[in-house]
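Some structures are shown below for you to check.
What follows is a pair of complexes built around chain A, which joins chain B in one and chain C in the other.
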Partner chain A sequence: MSFDFAVILAKGPQILAGLGVTILIWIVGTLFGAVLGFLVATARRYGGRLADLALSVPVEVLRGTPFLVQIFLLYFGGPYIGLRLDPIAAGLLGLSVYGAAYYAEIFRAGFQSVPPGHSEAADCVGLTRLQTILHVQLPEMALLVLPPSMNMAVILLKETALLSLITVPEMTMTVQAIGSQQYAFVESIVVLALVYWALVELANFLGRLAERRLSTYSA
Partner chain B sequence: MTQPAISVRNVSKRFGETLVLKDINLEVPRGQVSCLIGPSGSGKSTLLRCMAFLEEASAGMIEIEGEPLGFSEKDGKRRRQTPGELRKTRSKIGMVFQQFNLWPHMTALGNVSMALRRVRRLSRKEAEERAMAQLVKVGLEARAGHYPSQLSGGQQQRVAIARALALEPTIMLFDEPTSALDPELTGEVLNVMRALASEGMTMVVVTHEIGFAASVGNNVCFLDHGQLLFHDTPETVFAAPRHPRLEQFLDTYLDRGAQMLR
Partner chain C sequence: MTWTLFELLLQASLMTIFVSVTSIFLGLAFAIGLSAMRMSGAAPLVWFARIFISFFRGVPLLVQLLLIFNLLPAIGLSLSSLTTALIGLSLCTAAYQAENLRGGFEGVPRGLIESAEMAGLSPVQSFIWIRTPIALRLTFPALVNEAILILKSSSLVSVVGLIELTKMAQNLAASTYMPLPIFASAGLIYLAINWIVAIAGRRAEIALPGLPAK
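Coming up: the complex of A and B.
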């Protein structure tokens, strides 16, 4: 038995289309997840005890169940409550919400890392809560939350592979389909692994660049 | 009689079971330097923080130039002020912290100009011009582009003073402004504070610098175990015969100094 990558690579355009869907869902889902997670962390910190308690439940459930189970529930269970989504929409929503639960925890730690005196100083010069969050707390926590945020982004990229199971035409589904058509299953998996790995390394590289840029003031 | 800058009426503060301020009554006169002294844990910092509404008094009222701070009373009921109302009253106050609390991601100029831009909505250019004037006042115009991590403790505290002055408050509160500094660096901060006092700024200073309290202070308030034991001019407070509790406090204070010299 010999490996024959040529039959896989001959389907380059199809693979690129799948890669495009993967990157789109990954980037948009991660951004939505991070923004939603930040809003959840902010609401838990400043919204009173009730909001904190109410939001802790979904965060714990989402972090305590497999992503695969969540997207199955969303895609196959959604119609029972009138939520009919096409695969890409379900995938995006699922990934955003799943990511948000983790980002909420990352930003919760971020808020805790800013010394209370720094926001007291902001209060004393008359900044509003929103201004303090945007101009003081968020930039101050940036360096601390960046590494776990990038790490989470990488995890989310790899989780997108599971979306093939709800028929999202992303890279895993596309390449696997090519593999079975061409009787080159193992080759297709190797190609998948390499492409995901390359994307992860690229993300890590960008993360390190951002980190270096942010660390100018912490001499 | 002129209205006091700050009036503290029957203020008590509890942290859980502990009563850290017990029924404090105090009027801070305008244009004077009032120093709060007392042993650690006496409640002097808590009292000062109540004056900036960084701590909420459990009972009693604090007024800033006649305006209720943090709470307003209506039909005998205490109601929490809206954030907007609180900001308005608080705008008369500048606060300086023991730990400076500069924002580390901004330069000295950025720290001082922040509120001018975001609160006063001045253009960047105008805000930075005014901020620079404050930095000149504390002698740090040459350090305007430095980040807090590139400044000494004394310089950081002077930037923090400039930041508090930028919005032109009528009252400045200082919470142990030199306690986090090397002895060598306290002088430069105290000099800035002296200059401010000579301009007639109303100042309330929590301090362990008994020398500063005695020489610059117009009033000295002595707190112990959450109680305001007495307040008077430094001449009266420090003249013999002294209050026995103050005597004891000064003894341990001088002892510590003497031990260092031995």
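Coming up: the complex of A and C.
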């Protein structure tokens, strides 16, 4: 058995296009997920007991079930209740909602880490609830939530590979298609693995850089 | 959604549980080996462990499974889908568990290692009888967490053709045109298993012999 990587590398532009879709879905999905997660965490903290209880259900369900089952439910089950999405929209929605559940927990821990005296003090000097959240609590929890947030972003990057199973034309699906066209399955998957590996290490590196930058500000 | 369909899903979930439990324990054994390599001080072993951990944590599990599924037959090893799934899941969880254990090994009080040395234990004996049990105890909550992650990740082994809960749900959804109730039921079964694991884990964390004083 000999391996021929040239046939895969000849398809460079196609692979790059797939990589572009992967990165786009990853970044947009992560941002949506983080914002939605922050809103959920804020609602759970300030929306009263009922909101806290009501929001804990979707968070626990999303965290307790496989992402693969969630996107299958959304993409194949959605049309039966009138939710007809194309693969990219379904993938983006699925990734954002899945990420939001984890980000909600990250920010919940963040809110708990801010000493209550600080938000009370902000209240006393006349800051509104929104100002307190944005200008006191968010900056104070930043250092604590950054490492798990970056970690989660990397997990979401790897989860985007599953979107190939609902035919999102991202990198895994693109490279697998090239592999079957060229009859070079092993070579294609090796290239795919190496690209993901590099991407994840790069994301980890940027995460550590961001942590170092942030910790010098707050020291 | 009939009871018969739900029963099929429940039966398939036994395979999910079997694959997850086996991989967790195989992975734990590999992870202890990787930790030993990383702390051995011998450069080739240290680098092997580092690259192994970085690779298996850096590549999506789906891609790892596809790699094993395609690579092994190409080099003349043809394995059943169950073996492929077990290899893929155990190698992946080994890398994550080794990373968890790192913190555990760092948490072993220095005094205990020194006493072991004074009592005449060789470094290998000290690793097996003193450091590993303490590291395992310290990282027990992380192990429970990893078990839940692997249980969810085991849904991916459907791509190598193993009929477990997710694959069964896919097959039933395709043949009955009822994806909504079927995938929802599969999700509920995963949720129920995860709850049991989480609750059992919390109970065990309390019941297990105490942590050494810092």
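The rule we apply is simple: the second predicted complex is superposed on the first by the 216 of 219 C-alpha atoms of A that agree within 3 Å, B and C clash if a C-alpha of one lies under 4 Å from a C-alpha of the other, contacts with A are read in each partner's own complex, and residues count from 1 in each chain.
Going forward, a contact is a pair of C-beta atoms (placed from the backbone, for glycine too) under 8 Å apart; a residue touches a chain by one contact, two chains touch by 3 or more.
These numbers come from a predicted model, not from an experiment.
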Chain B versus chain C, judged by how many residues of chain A each one touches: C
First, second, both or neither for A:82, with chain B first and chain C second: neither
Touched partner set for A:140, first chain B, second chain C, both or neither: first
Contacts of A:189 with chain B and chain C, given as first, second, both or neither: second
Touched partner set for A:200, first chain B, second chain C, both or neither: second
Partner chain in contact with A:12 - chain B first, chain C second, else both or neither: neither
Chain C - residues contacting chain A, complex: 54-55, 57-64, 66-67, 70-71, 74-76, 148, 152-156, 158-159, 166, 169-170, 173, 179-180, 183-184, 186-187, 190-191, 194-195
Chain B - residues contacting chain A, complex: 52, 54, 83, 87, 90-91, 93-95, 97, 99, 101-106, 114-115, 118-119, 147, 149-150, 160, 163-164, 166-167
Partner chain C, residues of chain A touching it in the complex: 1, 60-61, 64-70, 72-73, 76-77, 80-81, 158-162, 164-165, 172, 176, 185-186, 189-190, 192-193, 196-197, 200-201
Touching residues on chain A, where the partner in the complex is chain B: 115, 117-118, 120-129, 131, 135-136, 139-140, 142, 217-219
